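After this come two complexes, each holding chain A, first together with chain B and then together with chain C.
The block that comes next holds the complex of A and B.
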């Protein structure tokens, strides 16, 4: 009896141990140094209590970074889902089964590409002089188009790359989800005077509500980790217009001043905020 | 209300022909049942009339208007599906209201019409629930309500009762019959259940392999099956069949087979001497022979199985190399192993040509 009870624990222990080392140690250490005034240039530091946290709220760049991060989340999650649902429905409605398979394969490719590579490819595509994406504009107007250096367009341009990677991938998932739906409610709706688009807005999408919310969740978490994409494409610039929280923390900690304690306090705040927000949304959804 | 005309309707899936040259006129107010075994094309035909399947060839007209190229919503048809096809995320009220909302019917009128339909079908207590919270019978009633509320010109039922248990099926069958009595909407009803077909239909269209075997009232189909297939398909328990050869004798025909000699005056049948025919008779038409004397038209054997049906019992015995069933009163039922003998009245004989399966009854 005792053996039976301890079996789950035996299997769980190694995994939990690894998890504890990999996740818990850095987390605890981040909290620990966020309460100090450590800098990369000095080996020692003193405990300063919550001073770093208090400083953050009078830091204009920090407030800006919160805004950029929230905008980034809203734009990438929203656009990804719109593109995914729109393209998924288009594939389902218009493409033959063979065409669907070919397109699905194509649409999977961007997400398979490492994000750093995608970022470099697109950064070059958006190059004001040699970029293929900006070429038509240059050919027509004779003026170079520098989307990534324009504060008004930089974030949207980086978001475009993110949506290109994930929107296309999710559209394949939406297509597969649509294929799993039973056909009869659609047929009933067609007999119930529903137009094609109404069968989607009133029947298909509501029936797919739960998986679509899950997709939104996955994308929300994924969008939080867009550091590499932004880093390669704009490094938070021009100015601080694309500087998300993780970008700012990174530049505070490692690039500009080496204020590792200050950066850690930002990371800790982010962790707490996202944990609370996601728990809240998750409960609401359920 | 409308009539339906199918002329030379074809359906092909690639190179496979499912329905070939189907012709049928359904009169206004008529209740037509498409009956046939699985895969005979009856559901496909219904879905073509509904507009859910393309029509490969021929013409379908509803109310005098060709509908081949009309989308389902413009055909004035309402359909009830086998698995109800309710919208799972909507309440019963919204399920029923969906079509009316799409037709832009004013809200107060929707409300009033739903109350009326819900009262007719006894759905009042369930309007606020979701489909999954209802039993199968209730769900099917919602599906019927959803079809009814649009006051369609044509009702289409695609095996609506096959997902229900036997008792509920009887109940819903009566409800559908009553509904048709009241609304008189032209109806096409697809089923593989001959009891539903016999009880509901004004006319039955019996199909096999994508073609019509026979069209007729339930009585016509039961009493004068046009083909061997119809004879075997309609009637429970199944008709008995014996292969025999005709022989002209004094005062009529002798139908001879292995250990079998049945006499027929032959006035009802168009026969030629030496013709190979299939003799058919229904188990219920066999009567227990009073004495095993020189009576003609006796089928006899040793009862090997007796199935109790309640009022009746089905006695199975071997005769002329074939298993023969006879329906007898349960009170007079023999025991397995008993010698049994039955007589057949000539008027209840059916004869079919062995070569083409067509009935040899004179028109």
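The block that comes next holds the complex of A and C.
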């Protein structure tokens, strides 16, 4: 009996040890150097306590980056789920099984494309002079359309690419989820003369609440790692209008200043904030 | 006299023998693969065709080059050099040579550069930007100054003579700007970065008499800086779409695709603009030095010996041999043969008969003329990338309209510079 009880521990220990090394060591080191004033060009540093953290709150770029990151999360997660549910229902309602399979294959392609490649493709597509996506506007109005240089549209344009990749992918998942639902509630609703949209809003989507929440969580985590997409398409510009927290931390650490302690303090704050927010949302959902 | 001649020839022979012996001794120990972190350059790609030649020269060593675009290369070299030091050779440039040298991330080049490869043959301007604190740190792979490049056909059609002064230039840009016909007056760089928008802004700043520092006191909020920024923003009204957040690629792309009348850019643009393979406007291009009072932005990129990856003297000497070979006269001749104008750095090549045959006397004259106004516009200090990049962000905000107060932006930069100076002390 004793042997039986220790088996999970035996199997878990190596994995937990690897996880501890991979996750804990960098985390502890990040906290350690965030309390110093180290720069890349200086191998040594002094302990400065919480000075880096205090400085952050008078740094306009950091404050701006918090706003941009929150907007990015809200827009990309929200739009991805709307597109996924909308397209998934459309495929379920309108497409034949054969057509569904063909479209599902096509919808999977954007997410398979490496993010950096997707970013370059769309960056060229949005070019105001020779971009294919802006060409119709230019042809109709005679004016170039520079979406990525316009502070009002840059973040939304990059978000569009993110939604293109993940919204289409999630729509395939939603389609497959709809196919797994039992047909009886839908038949009963039809007998009661329910409209199509009522069937979905009152029956299908509530039945899919749990998997949809899981998809939302996956997308929330994925959106936090959108550095590559934004970096290639706008580099945080115009100005700092698309500069997210991870991008600003990277800029401070490696592109501009080499202030790795300052950058680490941002990373630590991000880690704490995301842990708290995700735990809170998870508890609320449960 | 005869004795003296014998003595001289004996010394010369001894020198030759010792350099040959040292090369042979070095060759016997260079066997590892030399790892290079660079940004894409045709000249470096061409080198890869001659790997066997280097293997033979070094006694068995090969090389591998990893490429990243300019901004990413700068970030990666900085990260690598300050941490693990995986690369034996770094591609560095005028903007970060001071940082790399003062941090001890690269070794003094001339300590390991074989004398028979004739470093003194490099263009003096490029030697100047490769030198920091009295020592040479890289061998140039590209460099130069600025040229005003213009469409002869458009200027002739509009009855405009090629501008010689900035006022004439601005007037010509305004007149030539015809967006409804798909032609824009100019193309500038708006993308943030000390090597991007700030690089193109600096000739205005220095041309108007601006200075970065007065002693240790930052003086960016000067009238000259305000005037330079106002002029730059004024010209942006006539700059091709996409350039507001674009860099060199966008500006050059707009010109070579035939959508820009004139621009002031780094000299490699000419090579691309007159090459029918990369330019729709080849045969219609004229070039002159930048209009007065603008200074040319003197720059140079090159290969330097990584200090961390090359732990011992032999490794450093191997890296030095690779750099010398990669930037040798033989390899520059190959680049000339391959029509890689922007990759030519040696005086002997740029004054050669072959160069004149390929590019004509006008370009040689324009390069000579622009050399007279080429200057080091940036602050030659290890903290320049930090300061320049910060100004780059503020400038991009001004260009794209997310902030409008120039003086406020310069004051913010001034405050940042004071913190920067305080941090370094």
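Keep this in mind: the second predicted complex is superposed on the first by the 280 of 286 C-alpha atoms of A that agree within 3 Å, B and C clash if a C-alpha of one lies under 4 Å from a C-alpha of the other, contacts with A are read in each partner's own complex, and residues count from 1 in each chain.
Keep in mind that, in the parts below, contacts are C-beta pairs under 8 Å (C-beta built on N, C-alpha and C of every residue); 3 or more make two chains touch, one makes a residue touch a chain.
Since we're looking at a predicted model, the values are computed, not measured.
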- chain B versus chain C as contact partner of A:5, first or second or both or neither: neither
- Partner touching more residues of chain A, whether chain B or chain C: C
- For A:187, decide between first (touching chain B), second (touching chain C), both and neither. first
- Determine, under the contact definition given at the top, whether A:286 touches first (chain B), second (chain C), both, or neither. neither
- Message: Which partner chains sit in contact with A:58 here, chain B, chain C, both or neither? Use first/second/both/neither.
- Response: neither
- Message: Just to be sure I read the superposition right, which of the two partners does A:257 touch: chain B = first, chain C = second, or both, or neither?
- Response: second
- Which partner does A:96 reach: the first (chain B), the second (chain C), both, or neither? neither
- Considering only touches as defined above, state whether A:141 meets chain B (first), chain C (second), both or neither. neither
- Query: Overlap of the chain B and chain C footprints on chain A, residue-wise?
  - Reply: none
- Note on the structure: Within the complex, chain C is touched by chain A residues 37, 40-43, 61, 127-130, 142-144, 146, 148-151, 234-241, 250-251, 254-258
- In the complex formed with chain A, which residues of chain B make contact? 50-52, 71-73, 77-79, 81, 83-90, 98-99, 102-103, 146, 150
- Note on the structure: Per the touch rule above, chain A residues touching chain B in the complex are 182, 184-185, 187-195, 198, 202-203, 206-207, 209
- Task: Can you check the complex and tell me which residues of chain C touch chain A?
- Result: 71, 74-76, 78-79, 82-83, 99, 102-103, 179-180, 190-192, 240-242, 244-246, 254, 257, 259, 382, 385-386, 389-390, 393, 396-397, 399-403, 423
